[in-house]
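These are the structures in question, set out in turn.
In the two complexes below, chain A is the common chain; its partner is chain B in one and chain C in the other.
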Partner chain A sequence: MISASLTKEFEAVVGSENVFTSEPERQAYSYDSAVLEPVTPALVVRPTNSEELGKVIALCNENNCPITVRGAGTNLSGGTIPDKRDGIVVLTNGLNKILEINEEDLYAVVQPGVVTAQFAQEVAKRGLFYPPDPGSQAVSTIGGNVAENAGGLRGLKYGVTKDYVMGLDFFDVNGQLVKTGSRTVKCVTGYNLAGLMAASEGTLGVFNEIILKLTPPPAASKAMMAVFDDVNKASEAVASIISAHVVPCTLEFMDQAALKHVEAYTKAGLPVEAAAILLIEVDGHPGQVADEAAVVEKCLTKSGATAVHVAKDAEEKFKLWEARRNALPALARAKPTTVLEDATVPRSQIPAMVAAINDIAKKYDLAIGTFGHAGDGNLHPTILCDRRDAKEFHRVEEAVDNIFDVALSLKGTLSGEHGIGMAKSKWMEKETSRATIDYSLNMKRAIDPNNILNPGKIIAG
Partner chain B sequence: MSADLTKLAKLLQELDDQMVACMKCGMCQAVCPVFSETMKESDVTRGKIALLERLAAELINDAEGVQEALNRCLLCGSCGANCPSGVQISDIFIKARTIVNQYMGLSPVKKAILRGMVGNPKLFNMLLDFGSKFQNLMTSKASEKQGTRKAPLLEPFIGNRHFNPVAKKSLHAKYGTIDTPAGKSGIRVLFFPGCVADKMYTNMGEACLKVFKHHGVGVWMPATQACCGIPALSAGDKKAYDKMVKYNTEIFAEGEYDYIVAPCGSCISTIMKYWPKYGKEYPADMQRKIEKIAAKAMDINEFLVDVLGVKPEGEAPKGGKKVTFHDSCHLKKGLGVAEQPRDLIRMNSNYELVEMNEADRCCGCGGTFTLYHYDLSKKIGGRKRNNVIETGANVVSTGCPACMMQLNDMLSQNGDDVEVKHSIELYAETL
Partner chain C sequence: MISASLTKEFEAVVGSENVFTSEPERQAYSYDSAVLEPVTPALVVRPTNSEELGKVIALCNENNCPITVRGAGTNLSGGTIPDKRDGIVVLTNGLNKILEINEEDLYAVVQPGVVTAQFAQEVAKRGLFYPPDPGSQAVSTIGGNVAENAGGLRGLKYGVTKDYVMGLDFFDVNGQLVKTGSRTVKCVTGYNLAGLMAASEGTLGVFNEIILKLTPPPAASKAMMAVFDDVNKASEAVASIISAHVVPCTLEFMDQAALKHVEAYTKAGLPVEAAAILLIEVDGHPGQVADEAAVVEKCLTKSGATAVHVAKDAEEKFKLWEARRNALPALARAKPTTVLEDATVPRSQIPAMVAAINDIAKKYDLAIGTFGHAGDGNLHPTILCDRRDAKEFHRVEEAVDNIFDVALSLKGTLSGEHGIGMAKSKWMEKETSRATIDYSLNMKRAIDPNNILNPGKIIAG
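== the complex of A and B ==
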């Protein structure tokens, strides 16, 4: 319970209209997009400028109040669920200004609450390109993307959010502003704290301003769909494309279960009998695109694709990507609850991972559809269930445990783009080591002695 | 457990079945007009669903808080149209409002308006006919262009809004019951003008009659018809809603007609979708009648273009007065009618159609939402007004009388030189 006097202190900093105290208002910040138990925060505070943000952090620390910073709450790992110990949610949507778009030096400076899609649109208006494209970009924020190191469909060629963070400043737990990185292309001054802060999930500091790298947009692109009667052949095709030294901007996978759901939903004429399909897009200079598309087509055919459909025009391209975009909605409509994971394995291990997922589905009598970013080994096994059925949901939890065990046994990782949050912290030691956990804990304790910066995330306890 | 509590428990169960599909993905945030103004999670669908999931406990803890959260929604359907999981959000909110009202009871003001006035068509008509004679005493002219008035003395009750006065003579008072046979079209329609066209925008109602006559469409317009019930349903007053539906059903079941046509997407959505959906407990005979009636419901723009085949040919007119079109939520997101009104506007060579930004973004009226949350409604409406002004249009057209009220208010308050017209009015000008 936050005392009335402390609530007043917060109100004095940000104004009473930016402190939410009523039960219905606070409950609306008790969850994020992960299927986890909600925790209602004791208070929700919305700073609207840097000064207020710094003061709020300091006030929380002085009063030992755990802080969970929240952008749009779209993460899938529980990263924005508040702490049970009278947690305070600090909103960033009052800090939503694009401060600078520098067309000459190709960078932008933004506040953390800027919505990703709006930022990408503003950049595009100036003829520039911000490549990270998380599925939730219509609502997710840049601050949240950096904190969770969000990925997206273009990850294979363009990387993830951290690859675009040139620098940032953030408030430490005492409300002091720490600056790292710069507006220059090269910067090797001091520790790479920006790299550390990306994917830190709000456990090490609170972002104030972020400097993002921009690029020129690709001049042309070409998309195609390849159909396979064997998952192994699809995987071989992925390896074959990469070894032919072509890096598509997007290389997506959909298994038969996912295909069937998407077709039932969209009636787009997808090959539902196929064991898997790959959706591929190459982009760049028009000449390069033509050459690379030809190489990709050859690789696909050589690897045993039963058919390769190349999109003739923008409309056909749109239809192909619509099928991919509809994978989640199609699966989500099949059953009441959708548990979307992001087990990631080395590309060569995709067939083994897909086979294991299918075995797990049978073992636990669950419907699982798998799609994802084959080019970077990042799969999204999606379990369809009803969370109100306790027995079934217990099987879901066991299946998820199994999926991560398999991913790790295949030398994969717990998360390709969703983060660890609360959902996957129990496997951290298994993927890394005790020493890694201890090192991380020591760092966290030194930076945040009261453990108030998003406690319980990434590393449990 | 009393009968009322059993009913309440059943409704809660129905809500749970519908809400469980919400993934809390937050995609509703991207399109919610209320959230874009307040940036508060409790104002967006995902936040309200989280609250409703604990409704049973919350009703006891903070019933008023739940009611307030639920009422801060325009029921514009934008979230439902953008929901990856296909959650039937408007349905959930309507049911939730009914549950909360059953638990808390309806406010005396709402009770008086919905059950006392709107729910009693004869009294409602009489009061407005009577009021039309004296309304000028309390009001003064606000804008010639939009034909609006203002009432500073009534500001504590209605805010500083600019509103169109009640017509001196309502459509039903002027024409009584209309009953004409099908002409050259071979089609006869039940014309349902809706309350606003009947009592306020009678020009628009008359434009509809002119269009029917021109196309040889027989018209049956019973003078006794009542409100479709949407204000009561949106307010969660199922009792008043049931009364209006049953009243209308008994009248409508008697006539011979091919379609029920209205110049209001909200009325048609209600008759077509809500009447069958929210009448499961009616007697079987009544349900059969409703199914039959609902199957004939059609928006007037859709009727003219898709049934009568009215369609522009050749190049779209250029160089005339500029007109821009606002997609009403019930018309586009509810009924999928967007191209047809534009086709009708293009029939008028005096106008050049120019699209505005965010043409299908809610105008902020939301029926009773504007009465209870006028400040928010004005902010949302202000964005719509700016989008209209940016086009440089002389006229903004729409397919919904409630949106016309909101657009008139927003433009009038800013002293804008822009007229508001229904798409049927623009088409009727060509005949």
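== the complex of A and C ==
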């Protein structure tokens, strides 16, 4: 319980209209997109400028109140679930200003609550390009993207969120501003704390302003869909494209189970009889696009694609990509519970990983639809189940364990882009080492001695 | 003094042939490329495998001996100068194996002592590309490059060393292996310690193996030299190229003072009468190269270039770039002391920065030759002086202060790529904040309680 007098102190900082105390208001922030128990926060606070944000953090630290900063709550690993110990949720939707888009120097400065897709649109209006495109970009925030080091469809060619963070300033636990990185392309002044903040899941500081790198947009692009009657052929096609030294902008995979659900939901005209499809886009200079598209088509045909459809215009391309973006909501309609994994492997191991997922589905008698960013080895096997069925859910947990073991044995990782959060910390040591956990814990304890910055995430142990 | 018994313990770990105790052997590792007082280490130790490296670190920690890990000693900010408190230098030239070059998955795994240019050559033999090219690449090591987050000529388009570190494992202060990152394109398992290690200057851990990202090489390139009779016109041309949304692979600047010294040294045929030149290379698909080269030529002519020479073949290009690479040694011949700065500004501020450097040279009556990576705002004003002349050197120090103040007022940074080391820590707070220093110190103390990992670097202040 937060005392009435402490609540008043928060109200004095952000105004009573920005402190939410009622049960229904608080419950709305008790969960995110992960399959985990909700925890209702003790208080929800919404600062609307930097000064308020800094004061809120200091007040939390002085009163030993755990803070969970929340953007859009699209987190898939429980990173935005508040702490049981009188957790306070700090909303960033009042900190949603684009402060600068610098067209000459190719950077932008934003507050953490700016919505990703809106930011990308503003940048595009000025003839520039912000490449990171996480699946949830329509609602996700830049602050959340940085805290999770969000990936997306274009990660293969353009990298992930951390590759676009030139610098940021953030509040330490005392509400003091720490500044790292710069508006310059190169900066080695002090520790790369901007790098450390990416994927830190709100446990090491609270973002105030973020400097993002922009690039000129590609001049042309070409999108195509390849249809396969055998899932292995599709996954081999992925490996063969990368081996041919073409790095597409996107290279997405959907297996039959995913296809059927997505088509039922989107009516995009997907080939539901296919064993799998690949959605591929190459971009860049028009000459490069033509050459690379030709190489890709050759690889697809050689790998046994039964058909290759080239999108005839932007609208057709949009329809296909929109269908892919709807894979998760489409699958989520099928069963009460959707367990979405993102174990990731080196690209050449995609055939082995896809085969293993299918074996695991059979072994544990589970419905698994797989889609994802095949080009960067980041698949999303999605287990359709019902959490209330204890027996089935036990099999789900075993299957997830098994998926992680296979990914690690193929020199992959537990999580490509969804984060560790509360959902995966128990597997951390398996991928890294005890020394890695200890090193991380030492660092965290020094930076946040009262353990108030999103406790229980990443290295809950 | 290191005791004879402790020396014997080091010999037991790495063999007596890999422990250097004599005065001349130790003196060879007392300095690097910065203008700072040398400090002779108490002992020099050369591990030749991971196990030895881990044991050396643990032994140092147990005995409270400061470690300075040394690659090629090309550091320009004193990062490889040992500690006065019985400092031990750990050489990495016995840890120089390329462990894997994975052509299918576009990554490599190397030990820290691998020489940058040799690595890039091995990668090129397999038809792949490792872009980072620090000026010292012929002798510098990958471990040193990561520890400093080394830049180079291609930073503008291809980024810097940190952008190619997919993962690494490093020894903590107890000699235990910490693992971070992955062989996969995406990885968010735990804190981004790989990002934190970049630019950490040996103060947070000792690298064991480094996973580096590779890319397909550009299919074509075109190099040109533009000659200007006015330094302002050259710096305006830089800004106009970026504003035209062309991102060249390299965009280098040399003023007349630099040109004269470089031509005397290299006989490359540089136009010594010019006020400044730009060396520009665009690369990529042949169609893109042709288009971008045309835009660049237009920008150059419009900005008032008196001549634009396109390199007719690879040999001519090599000669020009080699001349640029020799700028530092060429300038260093002129006077006993060479103070090389790398204050960096947003690219559009290059004209203001170049003008300010020329004003500062006049104000303090100093010879300053300026060259550098104009395309990313990273200039290297080089003060030619004699440290033994106390009066002159006082003016040098004031000029450096002044250069930093101007860079910061233009929203730039103290150091683009040379690091903070011992040379610049006193300016850190000016660019960042007291909270940034405290945050960094807290982290460092928790990770290295005995302060044995390259003490006195970055945040000595």
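We adopt the following convention: the second predicted complex is superposed on the first by the 442 of 461 C-alpha atoms of A that agree within 3 Å, B and C clash if a C-alpha of one lies under 4 Å from a C-alpha of the other, contacts with A are read in each partner's own complex, and residues count from 1 in each chain.
As a convention for this text, a residue touches a chain if its C-beta (ideal position, glycine included) is under 8 Å from a C-beta of that chain, and two chains touch if they have at least 3 such contacts.
Quick caveat: nothing in here was measured; it's all calculated off a predicted structure.
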Which superposed partner A:227 touches (first chain B, second chain C, both, neither): neither
Touching partner for A:136 - first (chain B), second (chain C), both, neither: first
First (chain B), second (chain C), both or neither touched by A:74: first
First, second, both or neither for A:388, with chain B first and chain C second: first
Chain C versus chain B, contacts on chain A by residue: C
Which superposed partner A:94 touches (first chain B, second chain C, both, neither): first
First, second, both or neither for A:31, with chain B first and chain C second: first
Which of chain B and chain C A:328 touches, first, second, both or neither: first
Chain B partner contacts - residues on chain A that touch it in the complex: 20, 22-25, 27-33, 38, 46, 72-74, 91, 93-94, 115, 117, 136, 138-140, 328-329, 332-333, 336-338, 386-388
Footprint of chain A on chain B - complex, ascending: 16, 20-21, 23-27, 29-30, 39-42, 44, 46-48, 50-51, 54, 58, 61-62, 65-66, 68-69, 84-86
Residues of chain C that touch chain A when the two form their complex: 102-107, 127-128, 148-149, 151, 155-156, 159-160, 162-163, 172, 174, 176-180, 182-196, 198-200, 204-205, 215-216, 239, 242-243, 245-247, 284-288, 291, 344-348, 373, 376-378, 411-420, 424, 428, 431-436, 438-440, 442-443, 445-447, 458-459
